[in-house]
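All remarks here apply to the structure that follows.
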Amino acid sequence: MDITPETWNYIGRYVGASLALGLGGLGAAIGMGMAGAEANRAMMKQPSKHSDLLRTMLLGQAVGGSPSIFALVVGLLILFLPVNESTSGMVFASTLIGAGLAVGLGCFGSGVGCGFPAAQACSGVARNPKKSTALTSTMMIGQALAQSPSIFATIVALILLFLPTPSVGIASAGIAIAAGLSMGASALGPGLGSGITAGGAVKGQSDWPQSRSITVRTMMIGQAICDTPAIFGMLVSFIMLFTLQDLEVSIIGFSKVMAAAIAVGIGGIGPGIGCGIVSETSCEASAKKPEHDALMLRTMLIGQAVSQSTAIYALIIALVILFVV
Amino acid sequence: MVTINLTMLVELILFLIFLWGTQRFILTPVLNSMDERNDSIERDIEKAKDDDIQSEELELKYRHEIAVIRRNADEELRAVKQKAMREHSDFLQQERINAETAVEEVRVKAMAMMEAEREAVLAEVPELARLMEAQLTASARISNNGGSH
Amino acid sequence: MMDPATLLAVLETTLSQADADVVESAITGKDLIKAGALMGAGICMGFGAIGPGIGEGFAAGKACEAIGRAPEEAGLLTRTMLIGQAVSESTGIYSLVVALLMLFVVGV
Amino acid sequence: MEHIGERLIWNYFPFTNIPIPGGGVNVLTIFNTLVVMALLWGMMWLGVRKLTRVPGRAQVILESFVGLFDGLVTSSLEYPTRDQNRKFLPLIASLFMFVCLGNFIGFLPTHYFEEPTADINCTMSLGMMAIAIAIYCGVKAKGAGEFFGELLGPMWHQEDATGFAKLAGKASALFFFPLNVIGEVAKVISISFRLFGNIIGGAIIIVVVSTLTYNTFLPIGLDLFFVFFVGTVQAFVFTMLTLTYIAVAIK
C-alpha cells in the first residue's frame, strides 16, 4: 500500500472530525433527550403548565447544547484547516486526531452532564411553577460550570491545531494523540460529575426554594472539586505538548506518552463521577437543612478529596512514566 | 518537575519555625485576649443577671407598695363616693317628697274646682229640661193646628 | 491477525515515513517489552481508577445524606465514611502497586 | 513554553563552588515561602499589635479567623476539654494560612513570585508532617501496641478462633500489613499531590492562555477561578484532611 502525506491528511481529517462531532454531539444529544423526557413526563402530569415547561426545557437544552457547539467548531476546523507543509503527514494527521479526541470526549461528558440540571429543572418547574425564574437561573449557573471541562478540552484542541507539536519523529505523533486523549478522557468524568452535582442542586432548590444561596454555593464548590481530574489531565497534556523535547524517538517514547495519557485520562473518569455523586447528595442535604451547611460542606470536601485519591495515583503514575522511567 | 531534593527538608524546617512563631507570638496572645474577654463578658453577664434579680426584687417590692397605696386610696375614694351618693339620694328623696306634696295640693285643688263646676252644671240641667219641654210642647201645638186643615 | 514480524515491519515503515533520518536502529524485543510494560502500567492505573472513584463517591454520598438527616452523629459518620472509603480504595492501591511494579521491576 | 513546570535550582552555595548536598535547593520556592511567611506574620502582627477589649478592624478579622478554626478543631477532634483541643489549633490555623496565601502568591505579576505550593517538595513535606503528627497522636492516644496492631488487619485479633482459623488469621497479616502500610504512604502521596496538581495545573493553564493571547490581556477570570477559588478550596481541603486524619487516628 502506498501511503503518501496526502493520504495521512485525509485520514486525520476524517477520523478527527468524526471523533469530535460524533462523540461531542452524542453527549449533548443524550443530555437534551434527558431534559426532553423529563419535560414530557412533567407535562403529562400537569398539562396546564405546558408553556412554562416548554420554556424551561428549551432554555436548558440551549445552554446545555454549547458543548456540542464547541465540538462542531473544532470539528469544522479539523476538516478545513489549511495544510501546513512542514508538518504534513502522519504528525499532522495525529494532531487532528488528538484534537478530535480531546474535544469529542470532553464535550461528551459535559453534554450529558448538562442534561441532569435541565431534567431536574423541568420536573421542579412542574411542581412549583411560581419559583421557575430562580430555578432556571440556578440551572444555568450549574450548566455553565459543568461546561468548564469541555472548555479546557476545547483550549487543548485549539492548541493542538494551531501550535506546532515538538518535532521528535514518531513520538510527536504519539504526543499529539496522547495529549488529546489525556485531556478528553479526563474531562469526561468531571463533566458528568459536575452535571450530576448541578442536578442535585436544582432538585434540592425545587424542593426547598428558601435556601437557594447556600445550595448554589455548595454546588459551585462541589463542581470546582469535581474539575480536579480534568485539571490533572490538562496538566499532563500541557507537559506532553510543551516539555517533551528529549523524548525517545522510538516505540518506547510513543508508548510512554500513550501510557501516561491512558493512565491520567481514563483514571480521571471514575473519580469525576464519584465526586459528582458526593456533591449531589450534599447539595440536596444542605438545601434541606441550611442551618447545618458548614458541616455538610466539610463532609462533602473530605468525601470528595478521598474519592479523588485514585485520580491522584493515576497522575503520579503518568508523571513517573513521563519523567522517571 | 517532580524532582525531590533538599528543598523538602528546608520547607519542613521553615514551616516548623513559622508554626512555632505563630503559636508563640500571635495565637497565644490573641487566644488569651479572647479568653479574657469571654471570661469578662461572662462575668458581666453573671453580674447583669444578679442585677436583674435584684431589680426584680425591688420592682416586686415597689409594686407591692404601690398596690397597698392604691388600695387605701381606692377605699377612701369609695367612702367619699358612698357618702356623696348617700347625701345626694337623701336630697333627692326630700325633693321628691316636696314635689309630690305640691303636686297633691294642686291636684286636690283642681279636683275641687272640677267638682264645683260639675255641681254647677248639674244644677243647671233641670231648668234647661223644663225650657226644652216648653219649647217642644209649643211647637207640637202649632203643628196640630196646621194639620187639621 | 498480524504476526509479530509483520507488526514490527509495519511499525518500522511507519517510523521511517514519519522522520526518516532520525530513526537509527530497528525495534528490538527488549524495546517491545519495555513499551508493553509502560502501556500495561498506564492501562492498569487508568482503568483501575474508575471503580474506586465511583465507589468512594457512593460511600461519601450516602454519608452526606446520613449527616443531613442526623447532624449530631457527624463525627461517627465521617469516621465510618473514611474507613469505608479506605477499604474500597484498596483496589486502587493494588492498581498503583501493580503499575509501579510494571514500571520498576518488569520494564527495566 | 519549554520552561513549564521547571523550578530554578541552585546546585552550589552562592558565590562559591561548594555543592549543596541532597541535589540542590529550589531557590524560588524557599524565597516565596519566606515571603509568604513574612506577609502572614506582618498581617497577623497588625491584628495583635494593640490588643484591646473593644477590638479594631484588624483584630476583629484575626479573632474571627482564630475563632472559626477553634470551632472547627473542637467539632472535629471532640476532646472533652478546651485546652486539649487548643493544642491542635496552631497547627491547623497556620497550615491553612500558609497554604492559602502560598496558593495566592503566584497572582503577583512577576515571575519571581511562583507558588511554593506548586513545588512537590513543599507539599510533600507538609503532607509528611501531617501524617507523622497523625500517627504520633494515634500512638499517644491508643498506645503503640494497639495502634500498630490495627495495621495487621482485622483477622489478627481473633480471641475465639482456634487451630487452623487462628493460624489463617495470623497469616492474613502477611497480606494486610503491607497493604495498610502502603495505605499510610498513599495518604501522604494523595494529600500532597492533590494540592500540587491543582495549583501547578492552574498556574500552567494561566501561563499557556496568556502566552496564546500574546499577553495582551490578563486572564482575570482564569485567575479568579484557578488562583483564588481553587486555591482557597484546596487549602481548606488540605487542612481538613490533616484534621480528619488526626481525628481518625486518635479514636
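Note that the chains are named A, B, C and D in the order they appear, and that numbering of residues resets to 1 at the start of each chain.
Methods note: a residue touches a chain if its C-beta (ideal position, glycine included) is under 8 Å from a C-beta of that chain, and two chains touch if they have at least 3 such contacts.
As the structure is a prediction and not an experimental result, all values here were calculated from the model.
Enquirer: Identify the chain pair with more contacting C-beta pairs: B-D or C-D.
Expert: More C-beta contacts join the chains of B-D.
Enquirer: Select the chain at the greatest separation from chain C, using centres from the mean of Cα atoms.
Expert: So the chain farthest away from chain C turns out to be B.
Enquirer: Rounded to a whole Å, what is the gap between the Cα centroids of chain B and chain D?
Expert: 76
Enquirer: Report, in whole Å, the distance between the mean C-alpha point of chain C and the mean C-alpha point of chain D.
Expert: So the centre of chain C lies 26 Å away from the centre of chain D.
Enquirer: So what's the Cα centroid distance for chain A and chain D, whole Å?
Expert: 28
Enquirer: At what distance in angstrom does the C-alpha mean of chain C lie from that of chain A?
Expert: Distance between chain centres: 20 Å.
Enquirer: Hunt down the residues of chain A that sit against at least two other chains at once, touch-wise.
Expert: As it turns out, chain A has residues touching two or more other chains at 239, 243, 295, 302, 304, 306, 308-309, 313, 316, 324.
Enquirer: Mark out which residues of chain B touch at least two other chains, giving numbers and ranges.
Expert: In chain B, the residues touching two or more other chains are 1-2.
Enquirer: When you check chain C against every other chain, which residues touch at least two of them?
Expert: In chain C, residues 74, 78, 82, 86, 89, 93, 96 touch at least two other chains, as defined above.
Enquirer: If every chain is a node and every touching pair an edge, decide which shape results: line, ring, star, complete or other.
Expert: Graph shape here is other: it fits none of the named patterns.
Enquirer: For this entry, which pairs of chains touch?
Expert: A-B, A-C, A-D, B-D, C-D
Enquirer: Any idea which chain D residues touch chain A in the complex?
Expert: Contact set of chain D toward chain A: 1-2, 4-6, 72, 75, 186, 189-190, 193-194, 197-198, 200-202, 204-205, 208-209, 212, 225, 229-230, 233, 236-237, 240-241, 244.
Enquirer: Spell out the part of chain C that touches chain D in their complex, as residue ranges.
Expert: 74-75, 78-79, 82-83, 86, 89-90, 93, 96-97
Enquirer: Hey, which residues of chain A end up touching chain C in the complex?
Expert: Those residues of chain A that touch chain C are 3, 89-91, 167-170, 173, 189, 193, 249-252, 254-256, 258-278, 280-282, 284-286, 288-289, 292, 295-296, 299-300, 302-304, 306-311, 313-314, 316-318, 320-321, 324-325.
Enquirer: Tell me, which parts of chain A touch chain B in their complex?
Expert: Listed in rising order, the residues are 239, 243, 319, 323-324.
Enquirer: Going by the contact rule at the top, pick out the chain D residues touching chain B in the complex.
Expert: Listed in rising order, the residues of chain D that touch chain B are 5-7, 9, 20-26, 29-30, 33-34, 37, 40-41, 44-45, 47-48, 51, 53, 62-63, 66-67, 70, 86, 89-91, 93-94, 97-98, 116, 119-122, 124-126, 128-129.
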